[in-house]
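Listed next: structures, encoded as structure tokens.
Two complexes come next, and they have one chain in common, chain A, joined by chain B in the first and chain C in the second.
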Partner chain A sequence: MTTVPQTHLERRYAALGLLLIAPTVLVFCVVIVYPLISAVYLSLFSIFTPTLQGEWVGLSNYQALLSTGEFWTSLGNNVIWTVGTLVLQIVFGVAMALVLHENLWFRALARSLILFPYFVSTVVAVLVWKWLFNDLYGILNHLMIVAGLIEFPLDHLGSMPNAMISVIIVGAWKYFPFVVIAVLARLQTIPEQLYEAARIDGAGPFARFWDITLPQLREVLVVIVLLRAIWDFKEFDLIFLLTGGGPIIGTQTLPLLVYKEAFALNRMGMAAAYAVVMMALMLAFMLIYIRQTRRRES
Partner chain B sequence: MTGMNANGFSTTRRGALTGLAATAAVVALPKRASAQDTTLRWWSPQSAPAQVAAYKAQIAAFEAANPGVKVLFETTSDEGYAPQLAAAFASGEVPDIVTHLPSFAVQTYYANGLIEPFDSVIEAVGADDYYPGANDVYRAADGHFCGTGIGNTAANMIWMRRDLMADSGIDAIPRTWDELRAAVSAMQKGGVYGLPLPYGRNSMTSLIFIGFIHQAGGQIFTPDLQIDLDNEGTRNALEFYREMRDYSPPGATNYSWGESLTAFVSGATATGIYAGRVLVNVNTQNPPIADHVTCDTYPTISAEVATWTFNDFPSVFIPAQSQNKETAKAFAASLFNPEGYIQQLHAAPGHVLPVLRSINENPLYQDNPIIQKYPNEVELMANAAAGGFNLGYETTEHASNAKAGEIIASNVISDMVGRVILNGDNVDEALSAASATIEEIMAS
Partner chain C sequence: MAEVVLSRVRRDFGAVTAVHDLNLAIAEGEFVSLLGPSGCGKTTTLRMLAGLEFPTGGEIRIGGRVVNDVPPAKRDIAMVFQSYALYPHLSVADNIAYPLKKRGVPRAERRPKVERTAELLQLTPLLDRKPRQLSGGQQQRVALGRALVRDPKVFLLDEPLSNLDAKLRIHMRAELVELHQRLGRTMVYVTHDQLEAMTMSDRIAIIDQGRLQQFAPPQEVYHAPANRFVAGFIGTPGMNLIEGTLSQEGGAWCFTAPGLRIAVGQLTDDAQAGPATLGLRPEDVTVGAGPVSGIVRVVEQSGHENIIIVEIAGNERLTLRIPASILPRTGDTVALAPDATHAHVFAAGEAGQRLNTATARPRPQTL
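Then we have the complex of A and B:
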């Protein structure tokens, strides 16, 4: 195989190309590659957070974390939280999007209001929910007692499985508007003729949803599930503020464990190891999910 | 190379560079001008509105006496200061002065070279004016003081309501656990719970339970700091704490300081466990019970075991990375000037108690409606706090424990409480796991 020598002009164009792409590569390296390599590098040290001084320990951090029950419990909690809240977000989100797609007289107002939970600050949302859940003054317990459902107040955030259920519900409430907006946008682009043809063929509402709406929503739902799964998996503030990971470590997910290692136990190296493992888990999930989705599409 | 935009304005590379340099110079100008000024950042977790107002008055007085110096007050929290300071130390973006953190946290930071020695500030305040031994808890291994107390707090007093005691036929404040059990059992009725003990995964549960261990005659460490968590006192404390769960509100599994305080002040519980802030809170938030409230040191397992008051010895210290150490030291000393200090103490009367004898004797300090209304309670708390301890200073015989802050921040004690009481785990296993974790922290 012979190579054709490049002309002076071609070399200059190639150099110009490199020059033009350089800023993007530089930014990518600074904001993605450097932190990634730093995290992996830090995870090989035992580091005292306040001083950032430490010593090389190799893979000991990984060995230690994989052998602790706390890691596996937190991973299990992470999966329960992510799957639980994601399923509720999708179910409520799609259902609400279908309602808001109908010709209702308050549709414009409802479409605006539905975004409220998503826009409100997590701190404010958690404070409100903590008051709702409060054992002594919370409206939730009060209504349940008045309705005769319970005799004594329920401990919503301090006992299991109530705490995990409460966290999942608050998470679903906070983030389902994202699903509503994305699905609603897609619903508006489904051709009406498809529904008319289905009606002529005698398809009922359920059949129309199952055979037309859902297949049409598949692409957008794939993206929603991917994005929300990533965001929910690394959710920190909502869980930390609601339960702090308790009772004991009943709602402690991996991000809370990273925080605890880094700033409560001052073990930055170990925290970095947890973060790297988290990243690897998310990467594995994404690859499997994308591959499965493509296989199903083909 | 020349560029031309739609308006016909053209730039050359040299022109652009000149412009950039000029912009940079302009941006740098205010910095140069402001370099003559000093801004001190002050962190504290004690930030009730009245306290912040008192701090502002102290700041204003200092700024007036030191032109060019500005002091910026920033709030942290009892549960959040450890991670916030860890991040601050790691990034170098430290506050110039920190107040009201427990003494054991200060010892931890000093042991790692993160704190400035404080001897000169203590001298400036007047070492002889402190109560005897008030600064012992701040003496570091190298003989220097790593900080000083800005106040004393008796954090685990038992709070009682005389009206409820009378209704239940209880004529004296419980002094032993048997009496406490009988009292809360009698007073838990009509929607009122017995006590607001914390069972949450937080520092309050850890700190309060350490008190229970000592009130049962146990300890966490031996005087030479060998781990001694697995002892009869701890086991008895776990058993009693488990019994008391039946007399606590359901949500106590998530209680920290705020929730526990509110439970008593609102009247949801018949007894309370807190510091002197109860006094001002009942008077402002629930006046009908204000005349019935009183306190004592927390009961012990038996009359033979001495009481053990938890005093976090609210501190003042200066991070070593501060760029304004001398100014910060001057400001730290100014916090003890009688007028401002008394105003600060009056912001939470009975809660933060004076560390200087001259202040306690000052008529201005005594001239406060809460202190005058509850003289016995305030006096009792002052004495209890003066003889108080914490994990960094378990008894007068114990060596100072520089790892106490990390042990509390790790939640290892509250996790142990949760495992045994909420999960029903085996006590031996829970004690063994907690001891192993503490050992790991001590060795780190």
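Then we have the complex of A and C:
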């Protein structure tokens, strides 16, 4: 490689560039790099949370973690929750986007209303859903009994698999508007003439969706799935507020386990080890996402 | 039989009427252009033929069958869009095969048909490529291929050449004409480019503001425009249209305008003395000798000919086409001789109808 000699002006521009990105790099280091290294470091200690005192244990936290059933149960729950809620978000999100893409008279109003679950605070949303799910006075049980679906009230949040199903449904309700917005934006850019050409070529409504809409949505769906998978995988507040991980550990996912280890069991080192494992798992999603965006850019 | 007949076809968009009671009878195997300025209703008409738009009134027949309520796929038509509308995720081969696939043609039968079409359009080396890897001209040929592959009765083409550069456009124009001759299928071609319409069509339907102005072969449209709109729309440079007065003197008709007096013949029964418009093609005025005097204002040399703008009587400007061997200078006073036998007379006003019959031009020589 040959080096091109820099002129004085070029060197000054380069220095200016460094100066301009320096604040961002600094903030990035403080809020991301430091905690990251710190978490890995902490995971090598056995630490009592209230005092933050502890001793070096090396990799034994990781050894312990991999041999506990609770870790594997939580990981399993995490996968069930992520896949379940993501599938519902995608199905309802795409369906709703297709409806809102049509020329309906209430389209403008519906497009605004659909965002409501996404904007409402998780605490408020969970309070409302807890009230709906309540086994004593919840409207859901009332409606199900009236409709003849059940004879006795169901315990939606206190028994399995009801609790997991409920959490998945609330998660889907809360986050599907994100899918709607992203898909709707893409739908609006698909040229109408593609559909007209397909109509002339003999494609019915289903074939048009399958042969034109879906391939055109493919790229945006990949991005949505990856982003939402990352976000859902680390979801904490919604599950914590709705079931607290219960019944027992029926809906306990890894983020809830990290919280429990750190603040209920006061084992900060162990919690850090769980967090690092979680991070490694999410790194896989991240790498796919980065590869996907790079491919799109090229 | 694949003639296309539109009877009193009308299309309203709310309070706006895009197409007014259009009557057109296109013969089997004919190449017809729908020509007109932007927003004249030509594309709406084509879309009604395709079944993408439904007429508010009237009747459309394709091959003798009324198709008003027939969906596009069942009309046995194919359409080439201005944007080509190729399926971006499918290869060239799959794009061409798509209409066959949707009609349930088995894979084994699709392949040879696609290959034959690709060969016809010189697309064989590109069959595995995606549309985005093709040039404009190649994409255009794929769009044609997708239309050709299932051998429809009627081809509908919506400004298919308008996205190509000038050189490629001329090349594709010739290819389309050749293709039409080879296939012998009915083709309806929408364009706003009069040169395309003139050079490719058997007949041209000139449309303005949703109304048919003239439906005739290109030569007739050029030499005997039915009204003032057609006269002004067809031809580059455009026909000189001079406002003046038509009068009858001793049985002979005469057109008078400031600085110009010309005897006109072969007037129809509709002709009346009074205000009228005279039309003179730029090539129908001889420069050098004659009764009209004018001052040269602009001279444009295009190599094989010169275009000059001459001002007569202080305000009327005539655009004239003269041989390259004659080159007046700006400011020169020149004598002009309008060719009275090829003058066109129209009733006064923007929509003035033709008032004289055209003098027959010598038939073009065949070799």
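Please note the rule applied: the second predicted complex is superposed on the first by the 260 of 298 C-alpha atoms of A that agree within 3 Å, B and C clash if a C-alpha of one lies under 4 Å from a C-alpha of the other, contacts with A are read in each partner's own complex, and residues count from 1 in each chain.
We take it that a contact is a pair of C-beta atoms (placed from the backbone, for glycine too) under 8 Å apart; a residue touches a chain by one contact, two chains touch by 3 or more.
What you see is a predicted model, and the numbers here were worked out from it, not measured in a lab.
Considered on the superposed chain A, chain B and chain C are sterically compatible, since they fit side by side.
Of the two partner chains placed by the overlay, only chain C lies in contact with A:193; chain B stays clear of it. The larger set of touched chain A residues comes from B, when the choice is between chain B and chain C. Looking at the shared chain after the overlay, A:64 reaches neither chain B nor chain C.
In the superposition on chain A, no contact is made by A:79 with either chain B or chain C. When the shared chain is aligned, chain B comes close enough to touch A:51, but chain C does not.
Of the two partner chains, chain C is the only one touched by A:215; chain B is not. With chain A as vertex, the superposed Cα centres of chain B and chain C define an angle of 150 degrees, given in steps of 10. Contacts of A:203 after superposition on the shared chain: chain C is touched, whereas chain B is not. Closest approach of chain B to chain C, taken over C-alpha atoms in the A-based superposition, is 44 Å. Common to the chain B-facing and chain C-facing surfaces of chain A is no residue whatsoever.
Of all residues in chain B, only 79, 82-83, 85-87, 89-90, 109, 112-114, 199-202, 249-254, 263, 266, 268, 406, 409-411, 415, 418-419, 422-423, 441, 444 touch chain A in the complex they form. Considering their complex, residues 191, 193-194, 196-203, 207, 211-212, 215-216, 218 of chain A touch chain C. Residues of chain C that touch chain A in their complex: 50-52, 71-73, 77-79, 81-83, 85, 87-89, 98-99, 102-103, 146.
Residues 48-52, 134-137, 152-159, 243-249, 259-260, 262-268 of chain A are the ones touching chain B in the complex.
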